[in-house]
Amino acid sequence: MTTSPPVLEVNGLMRSYGGGKTLFRKEKPVIHAINDVSFQIAEGETLGLVGESGSGKSTTGRAVLHLETPDAGSVRFRGQELTTLAGKALKPYRREMQMIFQDPYSALNPRMKVGRFVAEPMVVHGTESGSALQDRVAELFRLVGLDPAFMSRYPHEFSGGQRQRINIARAIALKPAFIVADEPITALDVSIQAQIVNLFQDLQDQLGLAYLFIAHDLSMVRYLCSRVAVMLRGRIVEIAPTEQIFSDPRHPYTQSLLAAIPVPDPDRRRPPRPPFDVSRNIPPREAQMAEVAPGHFVLDHPIQ
Amino acid sequence: MKHFFRDLCRSKAGLFGAVLLAIIVLLALFAPLLHLPDPTRGDLRARLAGPTWSGLFSPGAHPLGTDEVGRDILSRLIHGSRMTLMVASTAVVLGGIVGTFLGILAGYKGGLVDRILMRLVDIQLAIPLMLLALLVVAALGPSITNVVLVLALTSWIRYARIIRAQVLSLREREFVQSARAIGASTLRIMFLHILPNVLTPALVVGTLELARVIIMDAALSFLGLGVQPPTPSWGRMLADGRVYLSSAWWTVTFPGLAIVLTVLSVNLFGDWLRDYFDPKTRSAK
Amino acid sequence: EDVTIAQTSAINTLDPHGSASVGLDLSVLSHIYPTLILRAPDYSLQPSLATKWEAVDDLTWKFTLHPGATFENGEPLDADTVAWNIKRVTDKEHPTRISSWFSQVSGVNVISPTEFEIKTSTPYPALPAQLSMFMLLPPKWTADHNPVTETMSGFLYKVSDYVPGDHITLVPNEKYWGEKKAQFDHVTFRVIPETASRIAALMAGEVDLINKVPTNELKRIDDSGKAHAGSVDSTRSVFIKFNTEKPPMDNKKFRQALNYAVDKDLIADALFDGKATVSTCQVMTPDYFGYNPDLKPYAYDPAKAKELIKESGVDLSQPIEFELPTSTYLQGEEVTQAVAQMFQDVGVKTDIQSMEFGTYLDKYRKAHDLGRLSLLGQAWPTMDADGLLTLFKPGNQYSYWNDKAFDEQLVAGNGTTDEAKRKEAYKKATEIMCDEAPVVFLYAQPATYGYSDRVKYTPRGDDWMRAFDMTPAQ
Amino acid sequence: MTGFILRRLGESLLAVWGVVTIVFFVTRVLGDPAALLLPIGASPADIAQLRSQLGLDQPLIVQYGQFLLHAVQGDFGMSFQHSRPAMQVVLERLPATALLAFTAIAFGLIIGGIAGSVAALKRGRAIELVVMAVALLGQATPVFWLGIMLILFFGVNMGWLPTGGYGSWQNLVLPAFTLAVFVSASIARLLRSSMLEILKEDYIRTAKAKGLLRSTVFFWHVARNALIPVVTMTAILTGELLGGSVVTETVFSWPGIGRLIIQAIEAKDFPVIQAGITLIATIFVLINFLVDLLYGILDPRIRARR
Amino acid sequence: MALLEIKNLTVQFDTPGGVVHAVNDLSYSVEAGETLGIVGESGSGKSVHILALLGLLPTPPGRIVSGEAWFDGQNLMAMSDRALREVRGGQIGMVFQDPMSSLNPVLTVGRQLKEVLVRHTDLRGRALKDRMVELLDIVGIPHPEARLSQYPHEFSGGMRQRVMIAIGMACNPRLLIADEATTALDVTVQAQILDLVRKLKEDFGTTVIWITHDMGVVAELADTIQVMYGGRIMERGPVRPVFHDPRSAYTWGLLNSLPDEGARTQRRLYQIPGSPPNMAKPPAGDPFAPRNPFATERCRAEVPPLREVGDVPGHKVAAWYDLPALLAAQKEETQ
């Protein structure tokens, strides 16, 4: 469906937590945080990832970036398999792929001046040094809309929106090709959300970035993303181009999700309707994706 | 630097601690210039003389009395502070460095490394200080360096335990993940990201350890390990004066007081320093 | 009437042959087990189980026993019992801790239940004195009891209560066979290791007798009105031992110089409040057999010391190590520092190395590697020159000094039991030792004590702490 | 459950073995007991014979093997000094040590608990300053100084309490108090700082927003969560006190394990050292193990993490 | 009659950086049965004024400089601690934002629910248990009985938040205050919770104060909306007129920042220029003036009072300017 070649291909990714014996319970239940997750992202494209809280969105993001070792599955970046790499071999790919974390407060090192924090990726990869480094940091600050004079401040001196900008500056410092943005705007107020989203767009225009954009706010996803994946209990239940999914949602969970979007217009209050009962509709392991329209895939399983 | 002093002057407790500590350190540094009686030589006939304040400035005056060999206690206190502060601070810092490093290692690496280190702590805690001290003397002979070594050996575990607990929670913070995401090495993460965030608890342990270590010097001198006579040190003075506590209170009370004051000043100043270096509390601009 | 005696350390064993510690185990056990001979506070030897003893010849001592003496369980305290006990400690296969005291004993001849002879391989004039430290166990009872943990009284008291590490309480033994009387209804030995606590316990009226009081505390205790305190000369001489096997201690002039350099009187007066007696150029105190009354201490003469050092040609640039066993001798740390200061006054730099007593002993006895200077206090329980002086005999591992002439006199001294001949030999020996100065002669360590006004106490300078040296005050 | 316990017990055993091994070899380099046990004047032959009698003439590794072989059967050999089974000598002292340690810990926890809580809850008031100053004093004051001052005042001047010894509760008061001062000082400081942290937590605000009684908030929400570091500290302190508090035992003539072991070290009584330290290490490791279990009870999150 | 009436509330924080003017002379009231939605810049004092109201402000560094808060005829600010504790949890239920940290990790969910019931109701024994189960059931937690004995970490974020809400409404409070209660939740769960609150209002006539950043939620739930900035009310009124006819430049900016629904039509979102005020050095006049393209000299110099505007009663704005007029003028200009 996408014309440009995929920058990232994820296939059958699995990650589970727990298991083993514990002190007070015989066997801890295994949580399949993500189960058989597959998707592709083209160069310069934004894929939205939405879903239930706890459905494995963050885990997917971390597994893709190899911040967490997946149990199974493959992650290919520009054709190179990443899951088998470790340590030094992985380092070149770290330049190309970055993450913006959900919580702008805990994502910054409270004891590190933000200028140094933004410079760190370049120091680690040795791409820049000395005054060139300083210039580059200043440039990055301007790029994300921060005054370079703020470089010698500590994180706590910044507002949430400013912190998120610092995170972004750090993430784009190495001019990556791909960024996982894990709920980057959830904790922010509306006016700041707009700033950040604009920034994402600008960066994409300038640098040709591809994003995996994780969010709860579907109107923002609709605005920003070209395709959307919907997750439920560790599975992707539906994936399609944005307009396709908003206009023709196939999976009941997607439908209930869309129906639940609150509309900022008091005249169009959403009628109460029973939500999709997740616990009774957990997708079975053997369920497969089916292509219902070009580029529109839905997980095929019986619904109660 | 200007901020430093202005901030300091704002906090009563911090200022008090800093001034006290400065006095102690200055006295230690400039002890040789103070024209004090020789701290290592005494007049046997004037032994165990009580503090006298009359004729304070006459040459034979002993404002804090004399010890069991007739040496001036004031002079010994001031000269002793050099050795005491040197030994104690080196031991505390050494123990602090090792303990902090191992604490970070155990906490960050987890798993087998953690388990081995923590059992090592168990082992170390179960071996009495005295045995440890005797071992070091037997193996390496008595010397100041070895005193420091023994004291540091008993000290690192306390840092390691507390820092490890701290790191366990830091490890989950997103900025640590962020560092991994940019490809930072484990060492870089441990030293640049985690270390600065555990310096505060390390500082707290350090101020507590200082008191313990100074007093421990007294225990070691019973084993012949501490500072060798006639060189003065506070621990040594405590140990030697112990026998005379009931008849010549000044022999022990003044070194004891010196320790208490030092610990107090270090604690007060340390508390303030902690706040000062915490960027959160220092936004005063 | 009760009496409580404070000891500095807990007793280790109840077996009288299992410890050589006079001040601790043996003091307690001497209330329970009989000895042939008892040493009085004035050091005279008094009959106890033995009523009479004499040297039959140079190698034979004959003893007569108190008739009808028994242990509490009825076992007889007769010549056979004594013979069994002597055999127990001289058994080469199963030596006891005190076996070395009886290494010269070659056999026992039982003549009758109350008479026996002890044979020695060489003349052993100090044997009766040595026997005053030798207690007798009941042989039959010992066969099926463990004397380490149990007791069977054969003397004035028996055990009524024992909490290891804390106290042991004795009550009179009703079955005691002799004329002495148990003076107290309860005798308790309490362990109080800390000096200050010991004094506090005396002042609080909890104990009646303490020892090892620092001399400067004596007056305060005495003046308190609650207790009495004082000191007598002990049988222990304190000196600075030279390791003459290492230069420059092999230089006689240098050794003498150091003797001149020390102001012994000042140490005795100032550090010990005059309670210590300066040694008269010998390691023995007047109470020893073989004491030489004619010797005078080296005078305090720093000028002469300096001169002698110059003559000796010893290189003083390097400090000499000065070993100090910690917490061992009364005010030993102070004496060491005072002496070091005096040495420095004549230009001899020292480097004090304090060490725990066990470490020191290990160097002294096993490794044979004493420092060139070290503080040492020595006593010999039989209070005989044959003994204390032997510690300086060439070839003896404790000696660190090799002097032929001295050796000859010692050989002459213990080759006979003839007192006059022996005295003569030791006179010569001490003269040689004084001149050769293998040590810096210092002082006799004071035996300090404090006792409550509930009791009368006759102080003594050897280590014994016994209730039968005391009587109730009324 | 059993898996965790077994693994943890295995590790603990390994730790005890480590301690014992270290101690075994350490003691052997310290010196020779034979020289200390025999009276002055004993000949080298006497000493040699005693050495072989004590089994010290064998190669170190053989001695070690023998020791391990017997130790696993609970036999730690005969004390050189006491000529009795070493473990028996040590165990005799255990009740006194345990009594003192637990009393001191109990008092220390009560005093320190109250002081630390007061200081945390009255943050910024004069009382906080006073409490913390006293706690600091408690930590910096040499134990023997405090001990002897207490003896002089309560034992000699007032005559209210015995100056030392072991037996009745009166004997216990002063040494327990002396140690409790130290314990409570540590506890108070720790509790204060951990409570100050907890008081900042959101769930405390939630608890208050529920209108709960002050006591409920304090005991169920603040104290419960502040307990974990206190438990850690208490475990370390209990371990230390059970291993013997030598200075306090000496000053108050308390027949505890600490002094016994120190004396054994002085006398090079290897079996007693080994038995004593094995016992202490075992207790220590056991306490740490219990603490680990307790953590799980106190904090369900830790339970889950295992 | 107003259930809650806040008068001239001013709250400040003493920080090393100076005195933070968190809430400035705030006055408003909430009628019984009304649902008030509060939106606004982060740091505009939304949370702080609620905490001050309930006596939960951390003091120090916080300080209530002045103000009254009349709840049902009693002044909460003047109440004794003891009396206030009766009100909290019982008559006023509170739901905090962060579900991860707002529940005590070492106590079971059941216990934390029980506490509040035992404190404010007479339910005991069987009845108490039943009520607890019922509450969890109401908030949509499956298998409530089993869940009672579980610990917070065994719940997902959404479920924890539902527990918080159950606690907040456990005693059928007359006033329920929710501070960003659904921010971390996905929209289906959010919708569920909103339905729940609506039901509560219907069944018990509960009065609700709902603080959020989500304009959609306000539009859906609230009767009245109150927009805050810099510790002050910028605009307030029934939701319809405020959404359709905003009179404050800030409200206008907020609404404009939202992405269009439906197909994507804008290239960029509108964003309010400038950055939030430093409340340690608040601007002299209208706090929004520095970022307000329509600001006049008067705006920068003098704090505007809240005045009634428009045709709908209760629609008030604090502004010296007349926004519709200015917007119309601007439109003309661009054309």
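As written, the chains take the letters A, B, C, D and E, and residue 1 is the first residue of each chain.
Simple rule for what comes next: contacts are C-beta pairs under 8 Å (C-beta built on N, C-alpha and C of every residue); 3 or more make two chains touch, one makes a residue touch a chain.
Worth saying up front: this structure is predicted, and the values here are computed from it rather than measured.
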In contact with chain B as well as chain C, sorted by label, we have D
Please find the path from chain C to chain D through touching chains that uses the fewest steps, and give that number.
1
Between B-D and D-E, the pair joined by more C-beta contacts:
B-D
Chain centres computed over CA atoms; the one at greatest distance from chain A is chain C
In angstrom, rounded to a whole number, how far apart do the mean CA points of chain A and chain D lie?
52
So what's the Cα centroid distance for chain A and chain E, whole Å?
29
Inter-chain centre distance, chain A versus chain C - centres from mean C-alpha coordinates, in Å
87
Listing for chain B: what residues touch at least two other chains?
134, 138, 242, 245-246, 283
At least two other chains touched by the same residue of chain C: list those residues.
196, 200, 356, 359
Touching two or more other chains, which residues of chain A qualify?
none
Which residues of chain A touch chain B in their complex?
62, 65, 67, 90-91, 94-95, 97-99, 101-103, 106-112, 120-121, 124-125, 154-157, 167, 170, 174
List of chain B residues in touch with chain A within their complex:
173-175, 177-185, 188, 192-193, 196-197, 199, 279-280, 283
What does chain D use to touch chain C in their complex?
30-32, 34-44, 46-47, 49-50, 53, 81-84, 89, 92-93, 96, 144, 148, 151-152, 155-156, 159, 162-167, 250-253, 255-256, 259-260, 263, 265-268
Residues of chain B that touch chain D when the two form their complex:
115, 119-120, 122-123, 125-128, 130-131, 134-135, 138-139, 161, 165, 204, 208, 211-212, 215, 218-219, 238, 242, 245-246, 252-253, 256, 259-260, 263-264, 267
Where on chain B is chain C touching in the complex?
41-42, 44-45, 47-48, 68-70, 134, 137-138, 142, 221-224, 228-230, 240, 242-248
